[in-house]
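Take a look at the structures listed below.
In the two complexes that follow, chain A is the common piece, with chain B as its partner first and chain C second.
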Partner chain A sequence: MMDANRKSRIRKRLTDWALTGLLFLAMCIICLPGLWIVLNSLRPTVEIMAKPPVWIPRELSFDAYVAMFSGVGQGGIPVVQYFRNSMIIAVTSTIISLAIGMSGGYAFARYRFRFKGGWFLGLMLTRAVPGIALSLPLFFLYARVGLIDTHAGMILAYTALNIPFTIWLIDGFFRQVPKDLAEAAQIDGCTRWQAFWQVEFPLARPGIASAGIFAFLISWNEFALASQLTRSTDSKTLPVGLLDYTAEFTIDWRGMCALAVVMIIPALLLTYAVQKHLVSGLTSGAIKG
Partner chain B sequence: MATLTLSQLDKSYGAFHAVKAIDLDVSDGEFVALVGPSGCGKSTTLRMIAGLEEISSGDIRIGTRVVNDLPPRDRNISMVFQSYALYPHMTVAENMGFTLKIAGRDKAEIDRAVTEAARVLEIEPLLDRRPAQLSGGQRQRVAMGRAIVRDPDVFLFDEPLSNLDAKLRGQMRTEIKQLHARLGATIVYVTHDQVEAMTLADRIVIMKDGRIEQVGTPDEVFNHPASLFVAGFIGSPPMNMAPATVQGGRLVLGDGAALPVPPDITVPEGARVTLGLRPDDLYPEGHGIHSEDGHAVESRELAVDISEPLGNETLLFVPFGGSTWTARMLNPRAVRRGETLRFHFDLSRAHLFDADTGQSLRT
Partner chain C sequence: MKAWRLPPHIVLLMPAVIVLAAVVLIPLVLSLYSSFTPFRLTRPDSIYQFIGFRNYERIFTDADFWIAFGRTVLLLTIALNLEMVLGLGLALLVERASRGQRLLRTILMFPMMFSPILVGFQFKFMFNDNVGLVNNALQSLGLTDQAIPWLIDGTLAFIAITIAEVWSSTSVFAIFILAGLMAMPREPIEAARVDGCTAWQTFKYVTWPFLMPFAFIAMTIRSLDVARAYDIIKIMTDGGPAGRTEVLWTLIARTAYSDARMGMANAMAYVAILLSIAFTALFFRQLGKARAQVAADW
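And now, the complex of A and B:
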């Protein structure tokens, strides 16, 4: 008996170790590209292009970063303008997507209306169209109405891209908030509007926060549409700015990687800041349970 | 506190007529239970009183105010939901004080009201917890506390005990009754459990298919049911029902057995009726609940099919006249299957219902 117990205990421990090892390996593989980018932004192109690859860098320098922020002509690119454009476009389109996503998600979760299923399916189907397929029609359209190379144009495109997703995600979270709660709040003296903000919104916040992160990241990282619809420093975003490092015959890999790092940082910070809202299971205890 | 008046209150959802022009007066401080099977319109009626459901036509008055189109918050009512509907992101104290916070009262006043309600319901130690950390009975108490804090004109209860286990339900029932006695509140209480309705309410409203079948005190609906439906719904175990035809002044049952027509009831020859007799009014000789003096008692020797001993009493199931009758045996002794006993049918307490309309023939 003792033997069987001990054997089973050892087997369980070995399985745990094996799984932890596997997870670590998977994490390494996932993190490698990111690490490689950070590494490459700090060393010369020769070393980046070396075959076989050099894993341990021989010299590290921040030259690429310094150059990036130097004026045009000294290897610099208008990174501040790009950053500003990216920020304005991503933040604005996220806010609009969230506002519409909350209204739409709430409506789909709470109200009955004609063709509800059809509307919902229609919204989801728009996501089935790859963004790049839209770039040419959008280009013609924007050229006609003068939205090429404007913030408004990019905000509009990204908002349209994000809304189906935010509605879908937020709808699911509002569905989890029992209807009784809003009714109880109304009896307690709230208007419909107060009941929403005091009770339903706080409970759906994790979903709204996740929708916000996704919407921001999609807008922040999008390249295909932006490369077609932007022209100048008036509206070019950071991903498009990466192209500044390609010349006719050469690609400045180090500079490109440095810019990529600059791009990743705000996204990381945002995700970190918002993640504390991503506490799920807040609704437990509302009803019987 | 205030009176509550429903006049010709009506609700339709498209083609579905949920509540059909009901009238009801609830006096100040009265405890009224709406009871009926699911889909009878009792919850819809309650939600219309609360303002959570629009009314199709008719009037709702709280006190002297017509509140037909007022939003819930302007009706000065409180409601305890079946699901409790506690706000999970707030502590117990915040849950209870929420209504006063929304009303813009100052913190000291809110604290005082919450502490007072918590004291009444004995939930003071729970005030800092969140609903997820409470048991079912505690959540139920908090939900009631939230209702009390508002100091409403009318309390509405929507099946508040149906999520609790049997023991806790009995306990909470007593507490609700004590609470009503202490607050003197006007209460409308929806339940599908006739025991809850009987034990709690001053008056019971029995609903069926969107209509009121009968309104009366527990005693009235139990002893003088207006219809077959009420007779069958109120009382546990349910009333014995047997179809019968009036022939030669006697009630002829399914297999030809006959009983006399109950005294005080006149029925025409040949009428098709349903005879109703509560298990309390059918008992083995010497084991009855009522004294037999002055009662029209009819006796039959009958064989017992099944007996269910409950300790203080035993339920006997006896085939007679084409159906199986339930008899209640007080001061019970062991009864063997197939044993023949002398059963008394207390016909002065029997009911007759019209077989077509289901209405009571007792006037």
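And now, the complex of A and C:
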């Protein structure tokens, strides 16, 4: 009896260790590509290309970053402009799609109307049209109205890209806020508008934050549309800028890694800032729908 | 006389509908029209020449297109299933960890911050046969003394692309399933234990049915942006070597921009759009069913 107990306890501890080891390994695999990029942005090209490989870096420097910011002509790329374009386009389109998503999500959560399910599915399906399929006709349309290579054009496109998903998430959140609260506020003399801003909006804020981070990440990272609709430093975004480090048959890996780090940092900071809301924000609509 | 006003839900939905009509619907109508013409970028007036279904007829007999079509479905099936299984495993592992939950969750979300094009470059670098991390590691560990031609051999390139795709998107599944695990009530699991269920039975009959809606939400989101695969493949192999990793999106882009056959490309795009709409609608239906199931059981 004692023996069987001990045996099962040992076996339990062994599985525990094995599972913890597995978790550690999985986390390493997830992090590895990112760390590899950071490491290579700090190493001289000779070392990246070395055969046999150099595992322990001999010298680390910020040369790649210095070169990148030193401007066109001195081995740099217009990274400041790209960054500015990316920021303007991503932030503006996130704000607009949140506003539109809030009004749309509120309509789905609070009103009954005919063909509601159909409208909802229809809006969602517009997202199923992939960027590359959209970029061909959108290119013609934009060329006709003069939106090629402008911030406005990119903002409009990304707003449309983000609306379906924002509506979906925000709809789920407004559903969780009990209807009675807003009605009580209206009985107390608020208008519907006031009741929304003072009662329902604060309660749904975590969900709106998580919808915002998703919209931002999608706009910040999008490539297929941006590569067709932008031409010059007037509107090129960072993902398109990555291509500046490629030539016909060669790629400047070190420079590209440095730009990649510049690209990831804002996304990382923002995600970390709102990560608390992210998990709960994503799934609140899952069960109740 | 009372002024006539639109019902509020129409006013509220109006902005969304207007933007989507301008950026998605109008271009789609345009491309539908041009798919019935032999439109070429080099000859702008060819857009007025109507040829009926000839583009579509040509697609249906075009072996390259159907190979790419099959390969797209194959890639999606393999990638989505792998991501689902790995995501489930990761979520279960993270959930049972007693310390460092916050850190683990942040790491879990890490790949979601990477632009798909960045994922493409990153894995192109890592799978580079000469200086890549994978070959360097294999050679240093003495597992092979030759450089494995990852992106040069067709089958290996397909595997490399699948790995990149799985790395970048497993976290979507993991996050959703993790949130499902966290939202799950404890009592039914304990009840199942008391009734003498094994761990596997508890998982199969209690935990998994509860997690289903979460998994399907992740599926739906993923199927909404499957075209992310375009960015990754475009960078890693651009459909090569010799078309061995060509999927629908790379084929469409090549037809449209390199060959400048816009009409043809738009016809292809329509077939592809129908494919992804079918996938999305399917997952939406499953989601509804799984939700109803959970609502009935819990």
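Throughout what follows, the second predicted complex is superposed on the first by the 247 of 289 C-alpha atoms of A that agree within 3 Å, B and C clash if a C-alpha of one lies under 4 Å from a C-alpha of the other, contacts with A are read in each partner's own complex, and residues count from 1 in each chain.
Keep in mind that, in the parts below, a residue touches a chain if its C-beta (ideal position, glycine included) is under 8 Å from a C-beta of that chain, and two chains touch if they have at least 3 such contacts.
Computed from a predicted model, the values in this text were never measured in an experiment.
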item	value
Touched partner set for A:38, first chain B, second chain C, both or neither	neither
Contacts of A:261 with chain B and chain C, given as first, second, both or neither	neither
First, second, both or neither for A:187, with chain B first and chain C second	first
Contacts of A:127 with chain B and chain C, given as first, second, both or neither	second
Per-residue contact with chain A, leading partner among chain C and chain B	C
Touching partner for A:224 - first (chain B), second (chain C), both, neither	second
First, second, both or neither for A:178, with chain B first and chain C second	first
Partner chain(s) touched by A:19 [first = chain B, second = chain C, both, neither]	second
Which superposed partner A:107 touches (first chain B, second chain C, both, neither)	second
Chain B and chain C footprints on chain A, overlapping residues	282-283, 285-287, 289
Of chain A, residues touching chain B in the complex	178, 180-181, 183-192, 194, 198-199, 202-203, 282-289
Sites on chain B touched by chain A in the complex	50-52, 71-73, 77-79, 81, 83-89, 98-99, 102-103, 130-134, 136, 139, 146, 150, 163
Complex contact set, residues of chain A against chain C	19-20, 22-23, 26-27, 29-34, 36-37, 40, 48-53, 55, 99-101, 103-104, 106-107, 111, 113, 119, 121, 123-134, 136-138, 140-141, 156-157, 159-161, 163-165, 167, 217, 220-224, 238-239, 242, 251, 253, 256-257, 260, 263-264, 267-268, 271-272, 275, 278-280, 282-283, 285-287, 289
Chain A contact footprint on chain C (complex, rising order)	7-10, 12-13, 15-16, 19-20, 22-28, 30-31, 34, 89-90, 93-94, 96-97, 102, 104-118, 121-126, 130-131, 133, 136, 139-140, 167, 171, 175-176, 178-180, 182-183, 213-214, 217, 221, 223-227, 230-231, 249, 252-253, 256, 262, 265-266, 269, 272-273, 276-277, 279-281, 284, 287-288, 291, 294-295
